[in-house]
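Below are structures written as structure tokens.
Note that chain A is present in both complexes that follow, paired respectively with chain B and with chain C.
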Partner chain A sequence: MKIFLLSFMVVSSLFSSNVKKLEAQILSSIAHSLVHKKSVNICIDDRNFKGIGKYAKSLNVVSCGRADIVFTSKDNDINKKCKTHLIFSTSYYLYEHSPMIVGAFFWQKGRPNIIFRQKQLKHLSIALPKNFQKYID
Partner chain B sequence: MLDIKIGFGVLMFKKINIVVVAAILFVQAIYAQNIDMLLDTLAQKDDMSMHTKKENAGYLTVFTRQDLDRMKVKSLKELIEKIPFIRYNENSTGLSAPYFEPYQANNPARIRIFINDRELLSPLFGGGFQILGQIDMAYIDHIEIYMGVPSYEISIEPTTIVIKAYTKTGKRENTTMMGISGGSYGTSDTYGYTSKDMKDFSYFIYANHRNLKRKKLYHLGSILSRNKESGDFYAQVTMPTSRFEFQAIKGSMDNFLGSSWNMTPKNSYTDFSYLYAGYSYTSLDKSTKASINYSHLLDDYHDSSNAPLGVSLPYYIPYYNTRVKESEHLLDTQITKKLNFGKFSLLLGLRNRYKKFINDSHTRDGVEVPLNSNYNSEDITSLFSEIDYLLDEHNRLVFSTSAERYFENANIKDKTIYGARLGHIYSTDNFTQKTLLFYGEFRPTPYELLVNDLLQPGLDNLDSEKAYSISTKSIWRYKNTTNSLLLARTVMNKSIYFDLSNFKNAKDEFAFDSVSFKSNYMLNDLDKIEFNFWVMFEDYGKNSTDRYDNKYGGYLTLFKKFGKIDTYNSITYRDGYDNIPPAWNYDLTLNYTYSRHLSFFLKGENLLKDAIKTDYYRVNPLSYQVTTLNNTPVFDRTVWFGLEYEF
Partner chain C sequence: MMVGGLYYQFGKVIDETNNEINKIEINRAKALSDKIILHIRNKITGDFSLLLQYKELREDISSFLSLNVTDEFKYIYVIYKDKKGAYRYLLDGSYGVDRGEFGQKFFPLLTNIWKTSLKTGHSMHGFQKKADGLWITYLHPIIIGKKVRAVLALDISTKEYQNLNNFLIPLYNFLRVFLSVLIIIVLVVMAQMYMFYKERKKSIIDPLTKLYNRNFLKEIWHKVNLKKISIMMLDIDYFKLVNDQYGHDVGDIVLSSVARKLMGETRLEDKVIRYGGEEFLIFLRWSKSDEEVMRIADRIRVSIASEKIRISESLSINVTASIGVSVNPSKNKTLKEAIQVADKMLYIAKNRGRNRVAYANLHNSK
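Moving on, here comes the complex of A and B:
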């Protein structure tokens, strides 16, 4: 039933005009491609994605220490505090300048884009689903 | 027994585990399958136009980044055909001028063009469309077209159509790109840009070189050429509240018909350059905006012919060579403040626009000709306000007023003109109704004032054109379809025209009744069909020999993606233009994405070779003999092929 609800949620979101919902679905997809859990704990440190947790039911927004994955745009303390966690950037600049970061969700050529760093995926022994592999840098 | 129970428990645990793992894999698979579609949908729904467009400011049409990319728009002229009630046209020097009529001045009041929030215009001649109509567009992200006398938030000086082109930004590009294309008649176009979203700012730097070769025409032994070659550089640095911009365009163009009496140019071309620098500030809550923009335009017009180009007064001596150098400066400063009081908001604005136009040199057959007028500057101070009142959750009232003081120099008297606009917007989830009432005055351009001052020094009797307009647009949405119907009536008083002696105000009132229906059907989140049909009934007044005239137009477009191939098909229709046969302009674009970094496109313009044409004529001022050049295509049949590479 949950799976049905989840799949329904994904499909129904495609027809939604709500940008926040779409962004939440994308973050959810990224989180589930990296963390093989039904419900993923995430920490978000980017004010552009503030309050996004309520749109993604399969994500729990938690503090940095409890997160399975951290979404951040800032190269600040959160990266240092959470350095043992999976860190995914919402800024291409940060992704380019922080080799520890596994990937980035950002705008490129006027459209949203996702990129994963192969070296870091290997280091963390993460195998991405087939359809995500074209986003590996 | 216990062993059996434990064994059963282990088995159950394993089964549950298998179910959980399967469930996780299934969820992953669903997310994976949909990620491309999610990104595509987000690109549409969070297009930059969503952050810039002002739905309440007029009747709005948006060409999103996705639209422009899929159309592979090469110049702004292609989009003019998508605007109701006007047609694309070119003047006798081959420049884009939708309202061109032989001998009539370009009227900037009808159509104004902005890049970001800066108006692109020639201080002397007006309209920026001439400058931008055929140059490159690869640095433009999206375009908003406002009709129906847009709000002062969009354009302060009165106008009927505003084209707002927004540039790409570092924040949204984050890449280095290069594009090369070639087209019919030897056209070539090369561009590149680099951009990045840095920690505290973003930048976007762009350069283009275009060698636009048009089909040559032959007339009375002369070659008529509309070729244009230009280089364009644009740079932008954006911070959270500030934006710095710089643009430089330099080029040369052939003058098409030139100015000879029988349209037989021998060596006719114009060198031009445009320089712009600007700064704009927007507070974080967007309530305060300020900007300062400076631009400099230089034209160096060369013309020669075996036939006379004109006569020098008072002895009516014909001349065969001329060179005119004009430099124009524009300094624009503006500040607006929006005050919000719950359901009520008040926008207050102050703008100053200083125009300087200098005739650097004017020679005829090598002899310098003094200009018999000292009129060379115009300074406009504008004060405007806009009240926006939300009556209830469905109804909104917008009331705007403006006063503009024109400080002129030399023989031209200062003038003050006023404008007002009242709008009502009713909207529910599936239905919107916009109604606008407008009164405004359109001041003659400095060119019109200067020509009259040269021909009749000190007379200065040219009055402002006056316009009254009422219009309403209904928009209704049902599932994947959005339909709209626009009805408008516009009455023009004191319209300005040239009667071969000077510019005059018409005595008759002109009235235009317009109807436009548009339908947009989304086949899915990406693909769509658009249909538009419009008709305009014109009444040129009781004293006109050809009082009534009807014009028709519309288009049908299809955006459709097939795997890696993205297609755009469009057919545009125009009819009812004097002596011009019905026109059908068919465009096709195919985009093929080879890889993430490399894509190819093939684009055909006017493939049926049946797009709108235009008539030109010249009158010999001594013999009154008329020379004509009828049914001249303004769209060549052109095929482009190109590629884009992302580094």
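Moving on, here comes the complex of A and C:
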């Protein structure tokens, strides 16, 4: 029983670390497509993405006040609290209902999804790299 | 061997079972999609644009899709292609965060099957490798007025697949480990056998002449069938003089050279043994006649005597050998006696002036 529990924990931690790595890669790509800096300061306001910083070396996880981009899943007046207007959602629902959010990264039906709002990109004068063009809506 | 075969067969069984399960799942998906398509057709009565216009109709059909969602068919949804060629959700039977809103962009992972299904109007399926918890995606095109309007997608979860693998894979892994252990054991045993034979060979081969030594003679002592051999005892003439005059190194070269000649003049099935310092014992396999044995013995004598042994650029030595032969040792009671007879004949050959052969126990003699 102990062996079973131990192997289950090892397998699940391996799986979760793989998912975290993938998420970190995606977040890093998104951040660098929006902010042209070697090291991007990000604030993550989503429990599901906790600890993602250790998998993405080119991202600095900082507080909201110092962030270049904020990744959030909650509609909690983030725009007022944070200095940046670059807000990326980790929930499609929030993206749909907050027009000032520039895009969203979320899991749906077991697949990772990315979407960018053309209107907001234009408003913030952001030109996405070629490989991200297909995600603009 | 048997375990290897079992492992191979088991691997085949897993593959075949997987193929069968795949087929079954795809057929089940086809049956369900047929049922859903029929329902959608009845609802829109041939006018696809109704679905794009009326939210209530979409919600009604989405509810029907939800009713068909199970642990097996995890997600059921309908995707259409907009005028710009982007995939978008039309209907979705999922709830919560997994539900795609009407018009929401959809990014398929198996792009090819989506393209093909929309282009050709054929049902397609693909195996998911990147999606979490999904096994197969089955696509059924919705054709209205001979035109593919949308695609009904069924995502089959990995649950069934895992159920199968939970049972078979551990067994397969056990066989794999068992086979590996068995291979290691066989390799260790083979290595041990190799070492054993290498050591054994060392113990029965004379390192200087590469001929068998007396240890070998001891090993075969009781196995020798006197009826099937002739025995020769050979001694290099005046070998002590060679050692005294030229030294032991030259003596060793002479011994090696004579040994090579003996090997060259005998057959594989004959046994040539270094019996003592410069003395060699040869067990000659049974020959048809006494004359043949005599011919071989003389051939050996001539071969040694006729060719000088080259020691260095400036030194070559000519040696001769005397040979005593017991042509038919079965006339003696034991091998020891037979060897003694050959030895006695060698003594006679030496006494008669060396470089000659003396015979005893001929078949036609008493």
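To be clear about the criterion, the second predicted complex is superposed on the first by the 113 of 137 C-alpha atoms of A that agree within 3 Å, B and C clash if a C-alpha of one lies under 4 Å from a C-alpha of the other, contacts with A are read in each partner's own complex, and residues count from 1 in each chain.
The rule is short, and it goes like this: a residue touches a chain if its C-beta (ideal position, glycine included) is under 8 Å from a C-beta of that chain, and two chains touch if they have at least 3 such contacts.
The model shown is predicted, which means the values in this text are computed figures rather than measured ones.
J.: Just to be sure I read the superposition right, which of the two partners does A:107 touch: chain B = first, chain C = second, or both, or neither?
T.: both
J.: With both structures placed on chain A, which of the two partners, chain B or chain C, ends up touching more residues of chain A?
T.: If we count touched residues of chain A for both partners, the winner is B.
J.: Report for A:129: first if it touches chain B alone, second if chain C alone, otherwise both or neither.
T.: After superposition on chain A, A:129 lies in contact with chain B alone.
J.: Using the touch definition from the top, say if A:115 reaches chain B (first), chain C (second), both or neither.
T.: In the superposed model, A:115 contacts chain C only, not chain B.
J.: Scan A:23 for contacts with chain B and chain C and give back first, second, both or neither.
T.: Touch status of A:23: first partner only.
J.: Name the contact category of A:38: first (chain B only), second (chain C only), both, or neither.
T.: A:38 sits against chain B, while chain C stays out of touch.
J.: I'd like to know which partner A:48 touches here: chain B for first, chain C for second, both or neither.
T.: Touch partners of A:48: none, neither chain B nor chain C.
J.: Look at A:137 in the shared chain and tell me whether it touches chain B only, chain C only, both, or neither; answer first, second, both or neither.
T.: second
J.: Let me test your reading of the model: by the given contact rule, A:92 touches which partner, first (chain B), second (chain C), both or neither?
T.: It touches chain B and chain C both.
J.: Both chain B and chain C touch chain A; at which residues?
T.: Of chain A, residues 19, 91-93, 106-111, 113-114, 134 contact chain B in one complex and chain C in the other.
J.: Help me check something: in the complex, which residues belonging to chain A touch chain C?
T.: Touching chain C: residues 19, 91-93, 96, 106-111, 113-115, 134-135, 137 of chain A.
J.: Which bits of chain C are touching chain A when the two form their complex?
T.: So the residues of chain C touching chain A come out as 74-75, 77, 86, 94, 97-98, 100-101, 104-105, 107, 109, 128, 130-134, 155.
J.: Going by the contact rule at the top, pick out the chain A residues touching chain B in the complex.
T.: 2-3, 6-7, 10-11, 13-15, 17-19, 22-23, 25-26, 28-29, 32-33, 36-38, 58, 75, 91-93, 106-114, 129-132, 134
J.: Please output the residues of chain B touching chain A within their complex, sorted ascending.
T.: Where chain B meets chain A, its residues are 20, 23-24, 26-43, 45-46, 48, 50, 65-66, 69, 141, 168, 171-175, 177, 196-199, 525, 596, 646.
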